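In order of appearance the chains are A, B, C, D and E, and numbering begins at 1 in each one.
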């Protein structure tokens, strides 16, 4: 277990029950810093639940979650975020009545050290403006910067979702089905975007689009019924018989 | 059975549908293809009365444009929306019960039958539907709509966000629906499924129908695919 | 003993009156998600309409007719008001009913004037049903209890046993979808609101005769009814019932017990001079604020209320 | 912010200051001074309230608590200034009010801000009732039914500025209104102000960008409580009395009404609401006994047809002007307004006549002709006006929806 | 210059206590018309009453006072609630000090907390009703003569007047009838209680043989109603048992039990008030002529204005000080040292077969005893500060 020292994220024996239902069953996962890791699995396997546990949306029933070797199990989401872990949501989760620019700007504040400040004008915070502009360029939403986020097209909202997730500059990024509902073209754009924005960071992504998964991931874990049944580089997963049975089906992509 | 002609629709000022013509015969499976944002969902919503339509929509000979949705549904059109609008606080079983138009009106579909078909749902029959995973929700939505025993169902992007295996299951369910004599209007991104199970396809672009034909026609027509579907 | 028996009777009576109001509010809230601020105003309307009708038709006919009239009025409010506000969200709905409450009060003043009405129960019900330790217990009070319990049973059946209940609950999260499944959502909403208002009206027919019928009657009871509904657990009929009785009893006993706050605190070892404000306050004085204290505590420590299923 | 817009902002504030200075010269009568003082208090209170409602999405039914406590702090301080001969000028009391409101917010917000949505609203209602009721019990602090009185002319004067004469009270209030408005406006431009918006929109997401939404709510609550307290202290100085009633539901309801009618979605909305409703309260009551009915009617109409309040309408018009769409939209708007006026006219007539049915009095007179309530024709006219007005409104709405007046007039919509 | 002399009537015209305020206003208007019909004041000027709604709230009263002053009104009348009176006394003192040329005079016709003519007395304030101590003194004198009475319950509204009544009762009973046990001394919130039955239960449990209460308005009406509903038939010694709606609430069962202490009631024989009572009734079916002291007040006010030929509050106030006039029940005099009117008082009991009934119930009050004015007078701690003196 010497790898632990450099692991960006470690899950050990993480379990989650909802009432009597065991949704996550003793999951162990080690994700080294800088890796792009995909989690795939059938619907209802518990992928989003796993994200919820990692990001602090709710505490695990048992087991431990470590970020950079430090335990975070049971701490609220904002503290986990402050530790440098940020996530996106399967269902778009942005600030609908605020402009695109404000969405991004709010997401940069904490990381740049501007906490609960109410004595300085936000417009006067140079670093915030600079970072927000940068992100806006990156996600390609600069042209619609002033429209309320709720009025954006679906694809743009998904891009904004990613933008909000990465704006704080977190070291570990969790993306939950970032390309769901996108056309092939948009998916391609999104993948490029993801590739760009997670440069040098640790990425964990949940996806059903196998072209995305296989194109992006360094390593893949397969979650079935709350258990990781396989974990390894793409080629190995593609060849795995159990995985085929449980997830990919015979004529896999 | 369904005859849509010169259908227009607006969101505020933006003119989304600019004269859509579609027709579907009894028991026919028809796909509506097109890029994101061309207005396929809007078409379906307009037929269902969720978006105010202009133009003519005839179903079984009646003009239904402008009717409230519940009357349209009662005439025999089922609708499976894009975003899996299950009722999160109700149990799976209650969701299914609500699909029925009257308390004892089970037709070609029964609650038990649906649960049998999807063991995942059966296991959670008494759980609030809100906790289902994305795929389970999709199944539930489709089954729920079928409980109303429609003669035509419009299914909007049923495979979005589904694992490959489940996508297959959905495909099978659609085939099963068709087998029982229900006409289907399928809105899909995943070309392979759509082309496999449809009798006819429409391709939409810029708020209009730009192509109409059999799947084979479409496969043969590279130009349309390049220009309107980008595959 | 005497005090205990009568306080219990009075408490249960008051509790049941609260419940008559809370039940309609619960119905509307659990089905439509609307926290109807105007609920107590429909209660007031019930009393006024019953008084006016009753002067022509007599009490018994008014007992039936007045709730119907109020229900009809409720239907109109829903059809031409609330329905259009719905799309603007819950805050807007709440504010709308807030405005309606205000309007109803003003309209009542306009039509019936500002003074209390001489609205009393019919003579047969005014006779004492029994006399305990020399205190009469008027038949009307017992009559009221019977009506309240009947309401509880009827509503329970409506909520739990009918599809209407399901449809409305589903419409809460997604009315469009329910419509797509072939259910006439607006009609059902209107019906539910009307029934809820009619129930408030019925409570008014009885409550007005029992207590006072004046334009302030809505304002005095309204907040307490909210307390009941929230404490019981929003949307829970059983909770509303328990909370009504609980608050009825607590308030009545607080008045009945002759103790000051300093006595009470002394029990816990806290000594307060009985010359200070705190020491002088008697439990009876605190009685009106107890429900609110309970409200705040419940919301802090158990936000879903005594028997509520979910938060908010 | 660009240079031009900074300049424009500056100009607006300058204009506001000048307006405040000039107002009493234009409206110099005692009556208007009294009224303007009251309006000033409400402006600050409504803006403070809107920090919660409009900016953070927190619906409170008990904000009068902070207003009242601020007022009590100020009045007790006033008494202390008089009896202890403290060297604090009365003109500085709003600082005391602010701190009191903030302290109260700190205590109450500590538990109430853990909840949001309806539970928060209900807690605020409960706390409001509780504090208002204690107001009657703790006589030594709140003075019981009779409240606590003070004397603003005590204490040292700043630069010979005494608070005796009414005009001085006006400038005292105007100064604080300006300062508070500016401060609250500036608040919206700070990181916390923006986060408040974020919490309003989607509190769950806020937690995933590093902020504790409860903490954000709590801080806004504190600050809002402070400004409410400031408003309370202005009221205390103005009236030299404060009663437990001011802690209670009526006051909380009034400020909610103002903020909402004025428009919670825009910063200046509550100002409009405060001015309008105060004016209605004091002027309308001279014309009609049932002015509260009109106020209620106005509120309901706004909730139904203008969910963003009057401020929202103003913003919409300004927007149209900016985009050059005014010419296109104006006819529809004017028509809607016309319909509303006609319908309201009918309603006024009906209400006034109904009032006379009970109370008697001289017949309702409008445009020189009297409409006796005993004549059926008067009622028919009233009903006709209401129907006509509503019809005009309906057509105006359809006009906007269907694009052309012709289409709007057609009964059933058909294919173009 | 010759416009009407306006009097602002600041009392509750909306809310729980609106009926009382409304009734008072009607009588003010009635007296006003009487004076005007008799030629007005100060050389033919008319009097006019302007009703202003204070919602029974002291602060709102200040707002209304401001409003009155803004309109140029120089006379303010108020009665419902010593809480309001206290605020008005303060505010008027301050206003008059700051604006001596616009001084305002305060005519108090019912707020009877003794402090307004003692520690808190003011040159601008005149009270035309006997204060609560004067009334309690009369009541307790009467109770002194009822040896069977051993257990008394005191209930009142929770504010200065209610407390003043309770304190006075405890103190005076303590000296006059030390054998009487006070089995309950209760304050309930003002204008908020809807159902008094819990209180009745308590009284009965305490074994009360009689009740003393200063309740008024709806609080009186509901208290008595709950009492008779429960069949709790004990004597009530009240200040306002004949007030609007109270008798209607209690009904027949209260005959012989409810007593009140007032400056007048309609069934005092042969004092020449019958026509006035009848003409008021003719005008307001649902009301009774109740505030005799308002008549006295108007008589004294118009006399002062006529005598001085001035409507300037300061002149009128000086003329009122020490004024003595003959009234139907005897003599009335305004004490100079504290501005308290001294007039005869009556204790009366609710009875059947009366000439003038109350609330159209067929029941009315009959005199038990009459107390002569001077006998009601009490020592005062007032240190009157007169302007310019």
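Here are some notes:
Throughout what follows, a contact is a pair of C-beta atoms (placed from the backbone, for glycine too) under 8 Å apart; a residue touches a chain by one contact, two chains touch by 3 or more.
If you're wondering where the values come from, they're calculated on a predicted model, not measured in any experiment.
Listing every chain that touches chain A and chain C alike gives B, D.
Distances between chain centres, each the mean of the C-alpha atoms, put B farthest from chain D.
Placing every chain at the mean of its C-alpha atoms, the farthest one from chain C is found to be A.
Separating the CA-averaged centres of chain C and chain D is a span of 30 Å. Taking each chain's centre as the mean of its C-alpha atoms, chain A lies 44 Å from chain D.
In whole angstrom, the spacing between the mean C-alpha positions of chain A and chain E is 76.
Chain C and chain E have Cα centroids separated by 37 Å.
Touching two or more other chains at once are residues 133 of chain D.
With touch defined as above, residues shared between interfaces to two or more other chains in chain C number as follows: 109, 285, 288.
Of all residues in chain A, those touching chain B in their complex are 18, 40-46, 48, 90, 153-155, 177, 180-186, 208, 210, 246-249, 252-253.
Put simply, chain E touches chain D in their complex at residues 57-60, 62-63, 66-67, 69-71, 81-84, 86-87, 90-91, 94, 98, 158-160, 189-190. Those residues of chain C whose C-beta lies close enough to touch chain E in the complex are 2-3, 6-7, 10, 14, 109, 114-116, 118, 128, 131, 133-136, 138, 210-212, 214, 216-217, 220-221, 251-252, 255-256, 258, 282, 284-285, 288.
Listed in rising order, the residues of chain D touching chain C in the complex are 59, 111-112, 114-115, 117-119, 121-123, 125-127, 129-130, 133-134, 137-141, 249, 253, 256, 260, 290, 292-293, 295-297, 299-300, 303-304, 307, 351, 354-355, 358. Within the complex formed with chain C, the residues of chain B that make contact are 48-50, 68-70, 73-74, 78-79, 81, 85, 87-90, 94-95, 97-99, 101, 103, 144-145, 148.
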